[in-house]
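Per-chain numbering from 1; labels A, B and C assigned in written order.
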Amino acid sequence: MIRYLALRLLGVAGVLLVICAATFTIFYVFPADPALQACGKSCTPERLAMLHHQMGLDRPLWRQFTDYLTGVLAGRTYGDGPHAVQCHFPCLGFSYQNDTPVWDLMMDRLPTTLSIAAGAALLWLAGGVAAGVLSALRKDTLLDRAMMVGTLTSASLPVYFTAMTLMVLVVQIGGLLPYSSYVPIGSDPVGWAKNLVLPWAALALLYAAMYARLTRASMVETMAEPFIRTARAKGLPERTVVVKHGLRAGLTPVFTVFGMDLGALLGGAVITESVFGLPGLGQLTIDAIDKSDQPVVMGVALLAAFFITFANLVVDLVYALLDPQVRYA
Amino acid sequence: MTALLELDGLTRTFRTRRGTVRAVDGVDLTVRAGETLGLVGESGCGKSTTGRMLVRLLDATSGRIAFGGRDITRLPPRRMRPLRGQLQIIFQDPFSSLNPRRTIGSIIAEPLRVQGVRDPGPRVREMLERVGLGAEHADRYPHEFSGGQAQRAGIARALVTRPRLVVADEPVSALDVSIQAQIVNLLAELQRDLDLAYVFIAHDLAVVRNVCARVAVMYLGRIVEIGDRDTVYGAPAHPYTKALLSAVPLPDPVAERERERIVLRGDPPSPAEPPAGCAFHPRCFKAQDRCRVERPVLAEVAGRQAACHFPEVH
Amino acid sequence: MSLLTVRDLTVEFPGPRGTVRAVDGLSFALERGRTLGIVGESGSGKSATSLAIMGLHAAARVGGSIELDGTEIVGAGREAVRALRGRRMAMIFQDPMSSLHPNHRVGEQIAETRRLHFGASRRRAREDAVRALADVGVPAPRERARDFPHQFSGGMRQRVMIAMALACEPDLLIADEPTTALDVTVQAQILELIAGVQRDRGLAVVLITHDLGVVARVADDVLVMYAGRSVEKAAVAELFTGPRHPYTRGLLGSLPRLDGPPGAPAPIPGNPPDLLSPPGGCPFHPRCPERIDGCATVRPELTGGAHPAACHLLSAPEEAAP
């Protein structure tokens, strides 16, 4: 198990390295000169040259990449002499726009994104799985058909449409909730939740619909397995048959997908954050792309990649715990 | 009779998580033109792997396959293609081996098209008649057929190119007993009419006894006994053959309850961890020290070949 | 009184293309300590019968009567039948691999029934499970109880299924093709085990199989089914020495045998009936080599004392005519 874990962690590191190299190539072979961006309007050639040197742009490309990697892993120093700027671990560079460390910018935004993703995930997992299980157990009844039509509709509505509709109905017309803004959970938990209910609902509606369909398909298949017939033949109450024997096998594929989806969402729920004007990672990305703020774009891309590969690893480990046949594989 | 097919030290290994598995381990075999050779054994003994190798559906790891005197072991697909028509295979599950989206007629015509036959229609219809389906079945789809009919279609597809050798891999074990006999008789009739040789792979010893003139018994990738049907069934030399025959329940309650049975201990071992010495020794009722260390080779024993240090007959 | 009495059992599956009558008027009785073999080919209704006895049909309409030790099962409340399942009657299936839960430890799967029906504590039930494994010949039962099904061989898995079925000391064991998925040398072990526990515990066993050899080895009485009906019932020796129904004779004739001279068996012509539109009269008449005038129109009833069969040949010809 230790060996397996070590191998998997090595794999994650490898994937992140490849992603790092790919984004680096894309952003730094970009025609726009980052120093020119940072230099601003009243840029003199001397200042530009100084910035080039300070940002390490006068070094060979591969050195720039290793410098970047070193920064990520151990921190680095930009420039030398009196102009030297210390960038602490984990150093993802400085934003061209305001010279703030990219890491600090992202950590500022992370709580918002984390709150949106975690709340929505909880909602859609509970709602989607419950609806899917119910549908599977009442297969081919009116309830099942209605549920499947409903989920198909919900899954095909674009998230911005759901989000806008919710906002118009609940906030503008109903006046039931305030316009969303981010309130830290530490200072005001109720306010935190109140402000996030709508983004949660918008995301959850979309994902819950997909999860209901996935759960239903998986549970229908599982409940037809011979081992379910065995469980009934033992005289177990139907509730035990479903919960202990059915869900155990039927929800494994659902959790696999869940890990990946959650990981992807942690990289920023771009549309949802935009519609509700929440200052999360998604907003930061849009903003950075708009301003060609390459270090920020790259930082967010790396963070998102980290979340996804890490989620994937967690899913695989949990999978190994759930399914004895893949254990120590 | 001349040798149509010769296997010499045929071996197939698979790499698995738990190491290298020798699914087939040095099989020597000769099939003569027009004869039926039975290949029997329990699950995992390597009989199906052998069957697949000798029609080149699976490559041999080592050893040699000669068909009609020609070495085909490593023949590339392009040069194998003209031989495919002479070397065919029938599978156990008739439905999963017939493409559900194509008509029976086009499925049967396919091997002819591969051989470059322009208008396969007449030969397809003739073959359908021969297997007792009637030409009108050509336009139907596999799901419209019963299990027996689907297997007839599978046989038609295998035989439409007039092969000289057909590997029948458990051709009747998915079928009901009353239908099994129909298919067995059909195979025998086609053999007489078309001068075919069969390698008949089955786990059912009674079916093999009715079909085959010669029998090879496999255990853990090796042949443990091979000889004429009456010799092997009448007085088995290998203790495994004897136990296998004694394990088959006879459809005769009086004889069945009176006869002495050898009930083997345990399950057939996994080819991933073959026992040392004779592979059968942990389950053998007459194993001795020698069996645990020295692997017996096939040798002449009372008119057939057996691989046992202490055969039942001398 | 018989332990199990089945009277005029029908099992129907409604479907989009019509209703399939899988079991059609089946009656039999089984005493404690005896083994009844139910023989038939695919679609004969033998498995539908076993599931009906266990009350495990969800989508089917079940009619007639099934009494276990005086308790009616057909039409009884779900909870009432559930209390009998696993306790008074238990079942083992063809494929032990897919019939065991892949994610639960083997010991837990057995212990679960002890806790359910006997209210045993977790610890007690675990001990009981180890003993149950030992009873069916699983070596090192204490260690093996902690293993998962995929760590067992095919034969050992079927032993686990048997241990699970017998855990609550049922009166009736239904074995549905218990050795079909196993190798012949392992089949011999499992049949010996079933016969052994039956002898020791005085169980009533319903053995469902397509294999007449298996029936010859372990059954006391045999019921032959065709197209959902019982066509012949007899003590095992009588069935094999003097089969009365042409289908039974056909089945015995088509059997490949190890005894007697080798050679081509005599097949039954034709194909099994389509249950969506079963043939009228005797369902076997389209394939019957001995059919007479009334066979296509009049349904024969099971007649004939201790060895009844449902065939017009057995009644006077004038009665058979429509």
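Descriptive notes on the structure:
Note that in this section a contact is a pair of C-beta atoms (placed from the backbone, for glycine too) under 8 Å apart; a residue touches a chain by one contact, two chains touch by 3 or more.
These are the chains along with the protein names UniProt gives them: A = ABC transporter permease; C = ABC transporter ATP-binding protein.
Remember, predicted model here, so these are calculated numbers, not experimental data.
Once subunit C is taken out of the picture, touching joins the leftover chains into the groups A | B.
Each chain's centre was taken as the mean of its CA atoms, and the one lying most distant from subunit B is A. Distance between chain centres (mean CA atoms), subunit B to subunit C: 31 Å. The geometric centre of subunit A (ABC transporter permease) is 55 Å away from that of subunit B, both derived from CA atoms. Listing the residues of subunit C that touch subunit B in their complex gives 41-42, 153-156, 183-189, 191-192, 210-217, 236-237, 240, 250-252, 254-259, 262-269, 271-272. Subunit B meets subunit C in the complex at residues 42-43, 146-149, 176-182, 184-185, 188, 203-207, 209-210, 229-230, 233, 243-257, 261, 263-268, 283. On subunit A (ABC transporter permease), the positions that touch subunit C within their shared complex are 225-227, 229-238, 245, 248-249, 322-325.
If you check the complex, the residues on subunit C that touch subunit A (ABC transporter permease) are 54, 56, 78, 82-87, 90-91, 93, 95, 98-104, 112-113, 116-117, 148, 150-151, 161, 164.
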